[in-house]
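Notes to accompany the following structure.
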Amino acid sequence: MPCVRSTTGVPRLITVRVGVLTGGGDCPGLNAVIRALVRKAERVYGDEIVGFLDAWDGVLNRRTVALNVESMRGTLPRGGTVLGTRRGSPFDYDDGVEQVRSTLADMGLDGLVVIGGNGSLSVAHLLHSEHDIPVLGVPKTIDNDIVGTDLTFGFNTAVQIATDAIDRLHTTAESHDRVLVVEVMGRHSGWIATHAGIAGGATVVLIPERPFDIDAVCQRLVRRHSRGRYASIVVVAEGAVPAEGTLDISDPEIDRYGHARLGGVGHLVAAEIGRRTGFETRPVLLGHVQRGGTPTAFDRVLSTRFGVSAIDAVHDGAWGQMVALSGADIVTVPLATAAGQSRPVDMDLFHGVAEIFFA
Amino acid sequence: MPCVRSTTGVPRLITVRVGVLTGGGDCPGLNAVIRALVRKAERVYGDEIVGFLDAWDGVLNRRTVALNVESMRGTLPRGGTVLGTRRGSPFDYDDGVEQVRSTLADMGLDGLVVIGGNGSLSVAHLLHSEHDIPVLGVPKTIDNDIVGTDLTFGFNTAVQIATDAIDRLHTTAESHDRVLVVEVMGRHSGWIATHAGIAGGATVVLIPERPFDIDAVCQRLVRRHSRGRYASIVVVAEGAVPAEGTLDISDPEIDRYGHARLGGVGHLVAAEIGRRTGFETRPVLLGHVQRGGTPTAFDRVLSTRFGVSAIDAVHDGAWGQMVALSGADIVTVPLATAAGQSRPVDMDLFHGVAEIFFA
Amino acid sequence: MPCVRSTTGVPRLITVRVGVLTGGGDCPGLNAVIRALVRKAERVYGDEIVGFLDAWDGVLNRRTVALNVESMRGTLPRGGTVLGTRRGSPFDYDDGVEQVRSTLADMGLDGLVVIGGNGSLSVAHLLHSEHDIPVLGVPKTIDNDIVGTDLTFGFNTAVQIATDAIDRLHTTAESHDRVLVVEVMGRHSGWIATHAGIAGGATVVLIPERPFDIDAVCQRLVRRHSRGRYASIVVVAEGAVPAEGTLDISDPEIDRYGHARLGGVGHLVAAEIGRRTGFETRPVLLGHVQRGGTPTAFDRVLSTRFGVSAIDAVHDGAWGQMVALSGADIVTVPLATAAGQSRPVDMDLFHGVAEIFFA
Amino acid sequence: MPCVRSTTGVPRLITVRVGVLTGGGDCPGLNAVIRALVRKAERVYGDEIVGFLDAWDGVLNRRTVALNVESMRGTLPRGGTVLGTRRGSPFDYDDGVEQVRSTLADMGLDGLVVIGGNGSLSVAHLLHSEHDIPVLGVPKTIDNDIVGTDLTFGFNTAVQIATDAIDRLHTTAESHDRVLVVEVMGRHSGWIATHAGIAGGATVVLIPERPFDIDAVCQRLVRRHSRGRYASIVVVAEGAVPAEGTLDISDPEIDRYGHARLGGVGHLVAAEIGRRTGFETRPVLLGHVQRGGTPTAFDRVLSTRFGVSAIDAVHDGAWGQMVALSGADIVTVPLATAAGQSRPVDMDLFHGVAEIFFA
């Protein structure tokens, strides 16, 4: 059961010394989390915060940087992470866990704050639950698919960027029978695709949670275009897959286009729609544009609240937990909640709201 | 107690005929609400939707426009309202209520959806509770100060616009001792100021909920600047007021500058900071820029969900209620909840999170 | 020799009746040209302006719309074209030219203003020079590759959109050895790639005017990355091609990736860089996002000036000419200047300015 | 007569050592100039570049920073100036000129590049012409009012920001009789006001070059509104002034509102329009928002070209000159051209193009 974390209350003034790392891919808001954590730590608690460089690599090889209010100045609007990030985890090495333990001990650290996605949070969970290492999580992903939190920071920014792109594509609405296929991020979930699809007024949205039937997609487009002079916008999550039996990629006729899948599912979908409908169809691949650059105001506020609550949670000794958004509140939930899971898009939203529009 | 409104479920397929109006000031997302309501009404329920022009004036003088999927095409990203808006309410006229009743009866309307702010929702509440007129509310304000809903659409857009402006002002951070005062909207509440202040990394945020002491503000700025070469950004909600006894506007010395208040409280604050600290101080007044133009993706999704849920609520016969956001859900709450109220900013957020940063 | 066109001077007040069409692809600023032309025509000259729908199709099939100040209201910031556009030219039909002539005669039109790219301007040139049909051109292309004008509208917008995307990609600069490949428009010229590359701080820019050597590109990236922890951004114009003998696509090893070219040259380049350097390499394909949506302020001013000057030129009887930007002035130049040509990027800019940065 | 400066050609490889300073107010593109100058200096010429902090203060007090490719990394998109800026000039001190001379001599500098506006360029001109100090100028102002160059960097950004704001204000176009008054920068010239007015579709544009008659403005607004349901947008340059005899500020009736001028001429205009027409009229003051933040792509390219050409000009020994844009070329012109001048807006543009729209 989540514990509501007051952001006021009497400060718990035992000074601590903690490490922070950022794991996984870029995500707008990472610096805002670190900055907020550091500011509250330094100004309210008098803590010392050590930044580990390049995720777990910094912990294993003791590559660190001191973090303070001054060094974090100006980072609030910046994308990326001042700490860097890299693949890999302590479990890749025989003595990885012991190295983490000894790094914390030798550096006099009371614990470690891990800002990361499903992978990093799973590692954090294992380190705490199996090896009793004091770790606190901060959930991070533009995909919004972490179990245990209503929203993750970075998601709002990614949706806004995708929506801005879709807005620009609508201009062609006066043209005849043009189809624009926008591939957005979302390997395991359709959150970005669904929200950007609603916000951008897309015609079709294809998500990993619901394998698509390319014939049905084409029929919908043909039916719509038969009613007038339209362009259609198809939003495809990178993890969208054809329903079984609907698109035989070993069929040479499709294979010819299917190689386009090296350009991603968006290219495959664009090629197939063009081939089957005869409509002029063009792909757009936003790629990393969605995960870079300055966070939206929304993501900055959420990141800031996460950062503040993370250092509060450290002072509460909430190891093995992660901060999370629940309604309007920031709470803590066990890392076990998130570990090894992926949260599918709200299908009520997708079906009930979205399908009226994606037609 | 709020009733969670499923966005799926079995459609309630009794066809209705309802009117819609938009009251109060512009707010990004108004067209998105109408568009969503109309799309679900037409496509799922087969309803007829009549738009009343210029708020209550359209009801009283039967100035209407038919709304349908086709006529609403392209309006999702547009600011403003296709229905227009105007001051005034049925209660301004002796027979106003009876005119509303007879308009509904003569036009064969089952009820009226009122998309509006505190004022319009209060009128809607009275019409329903005192005069038994079937009215449903959709809360609307960029100020986010309506009781009964976690968020209102338009707010996210306003905060983003203010934050973008603050971002640009930070550039002068390399300059010496410059203070920039940004007046943002919020006559009764500091929601926009607080969120934009957090997201923009402001130094001081002044809100209606907490009368300000100009001396304390100046001391904070002087203290900060004494530590290095900074610019400071002061965010002032238009409804911010000096604490009693802190700024005697009848004092001729202040009066000289105080006339600047004709330019708004932001100008007064800028003039006083400049006079008292000697720092070069400049005002920025964003004004209506905050309430116009295309809504953010977030506001489009929220507006769309409100519009869909509003027509669902109509089919549920939820007259006297308004749709609202509660956590991740769209619910309905009695109009009485919102009527005549203003929701102050979350002071936990302001104090607990914000004060660490506004320093 | 260009004739400087005064935008003031005594209005030439013989009223005319002219048709307008927009040919070729979307381009931000098309509506701004039409709006300006119509406003000056109606308000200063008292002209009548007839819009032909869907380019030459509207002329051939007499599908028209009356254009006036009122009907053009609100179109200044809108992308696309209110007139629509479509492929095809009068020369596709045996009697096409005669149909154009008779449409103009039957509708009492004094001439035709053709807003279009290289293709449309060539058609316009032929109609005038070979068939004596009174046509005036307005050059239009986001690619900026029309001979005879310093700049075309739409180009500034396309460069800004590409630059915004590149800015967001820079965020990953803290990451190790990541390469992001952005394919931008420019089938025949590298204007967009070069300007966006300079403005975005790209590492490598590949343009049609200079076939690329993938080995040299990879060496440059490896050398740069060997100096520190960098990300690199490679901008590729869609018309960029490998230098002869540098990338044998029939080589099965390359072919395996080469199929990625179905996703465009950007995908090919990304695949090859990844394969040859081992750096994590990801493509971005902005596609039609670059040619849709609201024009920048710069493009709106240029479009407006083109529109105003076009109707002035009509009153001057400058048939067979097109309006053009020359330094700070709007002039007219013969359509023959532009017809059948493509203007390569300024190689002084590319070499002299750009190469210092693309390294 | 301007000398066209080739950006290619044989590099002039005598290594130099020069100082750089930025004078006057913030201007988007300053860092891009410095970065380009430094990159070409270091990579092509092998020069050493010394940055003086806080304009002339850094020269007088020898506060410097070494500038190189590495230290300038990441600054291309940043507003402000990494060198800082401050008021004051060597001529404020008896021995100021001699201090400049001895700083250059003692630090072994071959000369000084001054990036600045009318004030800084005038100082630079005097230092060179009267005191034979080797100085090269780079013109800088968001106001675009420097004589000798077709355009200055920063202007495009300022116009874009003002246009974005105006776009958002148009939303209220469905509302009745609302007037929005936007005050933009331009103390001596109406460049920003005119371009933003054209790009934003303003109704009235008031500029310093043409004193305004408030009665004529109000009549135009009333006439326009009498034709339908409009909002109007009035753009006012901060340096706009009432024509003699048109607005007697000593008149107590006007004085009552006139005090609003403490909020700038925009407030005065808004107050008077509201008073005289009865239309709901609201001011917007963009202030420093226009001069901060990231430069547009256009300004980044122009700044980069200026920076590259400045170091080329240094190697040409073009002391006493400044770089400038002439048509599509970067040239050098004598500092005397710019010194003590202000370039008024192109009245051909204002009258010939703009007046058709501002109505």
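Lettered A, B, C and D in written order, each chain numbered from 1.
Here is the rule we use: a residue touches a chain if its C-beta (ideal position, glycine included) is under 8 Å from a C-beta of that chain, and two chains touch if they have at least 3 such contacts.
Since this is a predicted model, take the numbers as computed values, not measurements.
For the pair subunit A and subunit C, there is no chain touching both partners. Relative to the C-alpha centre of subunit B, the farthest chain centre belongs to C.
Shared residue numbers account for over half of those found at the interface formed by subunit C and subunit D, and the copies are therefore classed as meeting with the same residues. Separating the centre of subunit C from that of subunit D, both taken as means of CA atoms, is a distance of 29 Å.
Separation between the centroids of subunit A and subunit D, computed from CA atoms only, is 41 Å.
A separation of 36 Å divides the Cα centre of subunit B from that of subunit D. Residues of subunit C in contact with two or more other chains: 167, 170, 173. Taken as a contact graph, with one node per protein chain and an edge wherever two chains touch, the assembly forms a single closed ring in which every chain touches exactly two others.
Here, these are the chain pairs in contact: A-B, A-C, B-D, C-D. Every residue of subunit C that touches subunit D in the complex is listed here, in rising order: 6-9, 36, 39-40, 43-44, 74, 76-77, 150, 156, 159-160, 162-163, 167, 170, 173, 195-196, 198-201, 294, 296-298, 300-301, 304-305, 308, 326-328, 346, 348-349, 351-353, 356-357, 359.
Of all the residues in subunit D, the ones that touch subunit B in their complex are 26, 28, 54, 78-86, 161, 165, 167-176, 180, 229, 257, 259-260, 262-264, 267, 271, 282-293.
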